[in-house]
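Following this line, the structures themselves.
First chain A sits with chain B, and in the next complex the same chain sits with chain C.
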Partner chain A sequence: MHLDQVTIKIHQDSIINSLSLSIHPGEIFVLMGPSGSGKTTLLKGIAGLLSLTSGRISWENGIGTTGLVFQEPRLFPHLTVLENIAFGLRVQGVATKERRLQAGNFLKSLQLENLGNRYPHQLSGGQQQRVSLGRALILNPDLLLLDEPFASLDTSLREDLISWLYQLQRRLGFSILWVTHYIDEALSIADRIGIIFEGKLQQIGNPSEIFQQPDSEKIAHFLSLPNRFSKQQWQNWFQRDLPLPQTLNRGWIDSNHLQIIDEESQLPSNGIKEGLYSIISGFIMKVKPNREGYTLTIQSNSETLEVSTIGWSKVPALQESIKIKIMFEHIYWYSE
Partner chain B sequence: MVKKPLEITLIGILTLFILLPFIPLVIWSFTKHWPWPLLMPENWTIESWTYLFSISGRAFEGILNSFIVAAIALLGNIVLGIPAARALAQNEFIGKNIVFSILLAPLFIPYTISIIGMHDFALRLDFLNDYVSTAIAHILVTLPYFVATIWFQYRLMGKKLNEAASILGANEWKIFLWIEFPLLVPSFLLGSFLVLVVSYSQYLPTWIMSGGTLLTLPLVIFPYANSGNSSIVSAYSLLFFAPILLLLIIYFLLLRINNRKNTNESR
Partner chain C sequence: MSNGLNEDGLKMWEKNRLRVQLNSYKGLLGILPALLFMLFFFIGGSFHALCLSIGSSHQISLLGEEDLLWAYKELMNPSFFQSVAVSVGIAAAVAVLSGIIGLLTAIFLATKSARWKWLHIIFQLPIGIPHLLAAYLLIQVFMQSGWYSRIAYYFGWIDKLEEFPVLVHDEWGIGVLLAYMWKEVPFIVLLIYPFILKLISDWRDQARALGSTFSQTVRWVIIPILLPMWVGGMWVVFAFTLGAYEIPALIASTSFRSIPVEAFHEYSQFGLERQPIAIAMNVVLAVISLLVGSLLIYMQMDWYKRGRRVW
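Take a look at the complex of A and B:
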C-alpha cells in the first residue's frame, strides 16, 4: 500500500500533513508517536472512516482491502462470537451455512474453540480482542490496521497476544500497520518503525536504526533514550575534540554501557589497547531496582546520568561517591 | 432484614392506591343503583355491559377505530422518529438544539394553543381520510415521547459499533438493520407502548381532526360521562383500561423475550 501526500483535516485543523508512506507485502510497520500526533486519524483515513482532504492511497494490485482493530474490542453485544466473526462475510452475502462453517474453522486459529456460541460479555478481555482480530482477519485483508489493540490488557496477556499475532501474521502473510506507544511492543514485532509528530512522519527505519540513529533530539526524547548530551558536554568529559562530523552534535549512551569502576581498575589492564574512554565521577542520587539489578541516577557536576548495574548482591548506597567509565565507541551520535 | 417488611408494606400501599379506584368502578358497572350509605348495591345487573357491546353502544367500533388510528400514528412515529432521533444523537450540526426543541415542543406548548393550530390544520387537510388526518394529529402529540426514548438509547450506543460495522463493509442500511435496531429494541418497545397509550387516550385532537365523526373510544365514552349514568360510564372506563393493560402485558412479554435472547448463555 502506498500513501501519497495524504492530508486529513478535521474541522479545518490539519491532523495529517501531506504524509507519504509505503507498506510492503507481509511487512509489520509500527507507527509510534505521542498522543495527538495523528496516528488514529491516519488509520481511520486508510480504513475509509475519514475522508482524505488531499492525496491518495494506492495498492500494488489495484484495489486493496483493510481491516481495522481498535483499542477496545467493539464487539456487537447481541451477536455470538461466531456471528461476530462471520459479520463481514454476512455483509458480503455469503450464505448462512457457508459463513458459519468458515467462521467455525477460523475459531481454531484464534484459540477460541468451544466459545463460538458465547456472547461478548461472557468472554475475558483477551478473548474479546481475539474475536475482534478474527472478525477483521476472516476477510483476508491485504493490510491489517491495529490501533493499540492490546493497550488495555495486562502485561503478560499483552505479550502472549503479541506473540500469537506475530506468528499468525508470519503464517498468513498479511501486512500490518500497527500503532502502539509501547517501545517493547514495537521492538518485538516491527520490521520497520515510523515515528510521527504533528501529522508528519519524522523518521522511518528498522528498529535498530531508529534507536541508534534518531533523526532528532525530539525523536530521541520521545523514545526515552537515556544519557543524551550535547557534543560540547561529551567533549568536556573526554577533555578533547571528538572526531565527529559537524552535523552530529548530540550523543546518547545506553545505561548498560556505562561501567562503574573501582579505583584500582582505572588503568588499562594487561597492556591491551583500549579505545578512547573517559572516567567521570559523581554520586548516587537515586536507586531503582529493575530485572537485572539496579538503575542508578548519578549526579556529576550539573549533569544527571543513568547507569544500570547487574546483580542485586551489592546494594548501592545513596550519596555514595562513584566513578563511571564511558567508552567513546558506545556513544550513538545524532543531530539536534 | 429490616428493609424487607418496609418495602413490602410500601408496595402494598402503592398497589392499593392504584387498585382502589377500580373497585367501585367494577361494582358500579354491575348495578344501576348504589345509594349511600349502602356498602354494596342491593340489585346486580349486566345491562350496562350488554349495552356496551350492542349496536348503539358502539364499543367495538370505538376500540377498532382507536386501534387503527394508534397503529397509523405508531407507523408515522417509526418512519419520522427513528431517523430524527438517530440524526440528533449521532451528528453535530448548527441549530441541533433548536430542532430538538421543536420536536419536543408538543410536550410543553400549552394544549389550547396546539388545539387551535390543529383546528386550522384540520380545515386544510379536509381532503384526507379521517383515519389519516386524525393519526397525523396523534403523531404530533406522541412524537416527542417516541423521539426522546429512541434518542436516549442512541446516545447510549454511541457510534463506535457503527464504525466497526462500517469497516467490515456494512452500508448504512445494514448497520441499522443488523446492529442498531436489535440494540434499540428495548427502547423501541417502550416508545411504541407510550405512543399507543397516548394516542389511545386522545380526545380533542381526534374530535377536531375528524369533525367528531371518527368515533374512537374516548369519543364514544364522552357523551356518557356527561350524562351522569354512572353504571355505563364505569363499564366504559373499565373497557377503556383493558387495551392499555393488554399493551402493558405485551410490552413486558416482548421485553422479556428480547432480554432472554440477549443474555442467553451457551452450554
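Take a look at the complex of A and C:
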C-alpha cells in the first residue's frame, strides 16, 4: 500500500499533513507517536472511516482491502463469537451455512475452539481481543490496521498475544500497520518503525536505526532514550575535542553501557588496548530495582545519568559516591 | 470477651454486620416508597374492581340465585367481540406504526443531530399537548370542512368539499390512527433517541470497518441491541391506546365501537346497576394488555436465555 501526500482535516484542523508512506507485502510497520499525533486518524483514513482531504491511497495490485482492530475489542454484544467472526462475511453476502463453516474453521487459528457459541461477556479480555482480530482477519485483508490492540491487557497476556499474532502474520503473510506506544512491543515485532509528530512522519527505519540514530532530539526524547547530552557536555567529560561530524551535536548512551568501577579496575593493567573512554564521578540519588538488577540515578555535577547494574546481591546505597566509565564507542550520535 | 473480641469490638462487629445487611438490600429499600405507593392503589383498587365485575349482590337472577359473572356473560356477544377486535387492532396498529416511524425518525435525527437541532424541538412539542386537544386539532384540519379540505378546494384539486377523503369518523379508524400517532411517534423518538445516538457512536465505525453499510449496521447491530427497549416502548403505547378514551370518543364515536368509549357510556349513562359491565370491559382490556406484556417479557427472557446481552 502506498500513501501519497495524504492530508486529513477534521473541522478545518489538519490532523495528517502531506504524509507519504509505503508498506510492503508481508511487512509489519509499527507507527509510534505521542497522543494526538494523528496515528488513529491515519488508520481511520486508510480504513475509509475518514475521508482524505487530499492525496491518494494506492495498492500494488489495484484494489486493496484493510481490516481495522481497535484498542477495545468492540465485539457486538448480542452476537456469539461465531456470529461476530462471521459478521464481515455476512456483509459480503456469504450464505449462512458457508459463513458459519468458514468462521468455525477459523476458530482453531484463533485458539478459540469450543468457544464459538459463547457471547462476548463470557470471554476473558485476551479471548475477546482474539475474536476481534479474527473478525478482521477472516476477511483476508491485504493490510491489517491495529490501533494499540493490546494496550488494555496486562503485560503477560499482551506478550502472549503479540507472539501469537506475530506467528500468525508470518504464516499468513498479510501486512500490518501497527500503532503502539509500547517500545518493547515495537522492538519485538517491527520490520520497520515510523515516528509521527503532528501528522507528519519524522523518521522511518528499522528498529536499530530508529533507536541508535534518532533523527532529532524530539524523537530521542519521545523514545525515552536515557543519558542524552550535548556534544559540549560529552567533550567536558572526555576533556578533549571529539572526532565527530559537525552535524552530530548530541549523543546518548544506554544505561547498560555505563559501567560502575572501583579504584583498581580503572587502571589499564591487562595490556589490552582500550578505546577512548572517560571516568566521571557522582553519587547515587535514586535506586530503582528492575528485572536484571538496579537502575541508578547518578548526579554528576549538574547532570543526571541513568546507570543499570546487573545482579541483586549488592544493594546500592543512596548518597554513595561512585565512578562511572563511559566508552566513547558506545555513544550514539544524532543531530539536535 | 467472646470470639477473641472484647465488648466494644463485639458491638462494632454487630453494627458492621447490620450495615452490610442493610447495604445488600439498599436497592430494594430505595424503591420501597414508590413500590408501596403503587401497591397501595393498585392492589386494593384492582381487587375491588375485579370483585365488582365478577359478582354482585345487586344482581339476582330470575330464579332468585346470586348470578356470579353476570357482567361477563352479558359481554359474550358478537358486538362486544367486534369492539374488542377493533380496540386491539387500533392499539396494535398505533403501537407498531409509531414504533417503526419513531425508530426511523430517531435514526434520522441521530444522523443529522449536529445540523438540525431545531427538528428535535419540533418532535418534542406534541408530547406537551393533551390527547383531547390533539383530537380537536386533527378534526379542525382533516375533517371534510376542515383546513386541508378547503386548501384542496381552493387550489382546485377537488371540486367540492365532500370529495375530500373521510378521515374523521371514518370506518377504518384512519383519523384515530393519525391522532394517536401524532402523539405517540414523538414519545417513541424521545424514548429511544439518546440510545440510538450512543449506539451509532459506539458501533458505526466498527461495523464500517467490517464493510457494513449504514443500513446493514442499523438492521444487524443497532435494532437488535435496541430491541428490548424499542418493543417495551411499543408495548407502553399499545397499553395506553387500548385503554384511552378521548380520541376515539371525539373522532370515531359514530363510526366504530371502541371499548373505552363503550365502557364510559355504561359507567356514566345507565345507572349504578350497569357499572359492573363497565368495569368488566376494562378488566378484559387490562387482561389483554397484561397478556401481551407477559408474552413480550417471555420472548425477551427467551432472547436473553443463552447469555445474550445488549450492553
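Rule of thumb we're sticking to: the second predicted complex is superposed on the first by the 336 of 336 C-alpha atoms of A that agree within 3 Å, B and C clash if a C-alpha of one lies under 4 Å from a C-alpha of the other, contacts with A are read in each partner's own complex, and residues count from 1 in each chain.
The working rule: a contact is a pair of C-beta atoms (placed from the backbone, for glycine too) under 8 Å apart; a residue touches a chain by one contact, two chains touch by 3 or more.
Given the structure is predicted, the values throughout are model-derived calculations rather than measurements.
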After the alignment on chain A, I want to confirm one thing: do chain B and chain C clash, or do they fit together?
clash
Would you sort A:Val91 into first (chain B), second (chain C), both or neither based on which partner it touches?
both
With both complexes superposed on chain A, which partner does A:Gln203 reach: first (chain B), second (chain C), both or neither?
neither
Touch check for A:Tyr119: first (chain B), second (chain C), both, or neither?
both
Using the touch definition from the top, say if A:Arg135 reaches chain B (first), chain C (second), both or neither.
both
Identify the partner contact of A:Thr180: answer first if only chain B is touched, second if only chain C is, both if each is, neither if none is.
neither
Hey, which part of chain C ends up inside chain B in the overlay, 9-17, 153-161 or 225-233?
225-233
Would you mind listing the overlap between the chain B footprint and the chain C footprint on chain A?
47-49, 66-68, 70, 74, 76-78, 87-88, 90-92, 117-119, 122, 135-136, 139
Residues of chain A defined as touching chain B within the complex:
47-49, 66-68, 70, 72, 74-78, 80, 87-88, 90-92, 117-119, 122, 135-136, 139
Under the touch definition given earlier, write down the residues of chain A that touch chain C in their complex.
44, 47-49, 66-68, 70, 74, 76-78, 87-88, 90-92, 117-122, 135-136, 139
What part of chain C is in contact with chain A in the complex they form?
202-203, 205-213, 216, 220-221, 224-225, 306-311
Residue set of chain B touching chain A in the complex reads 160-161, 163-170, 174, 178-179, 182-183, 261-266
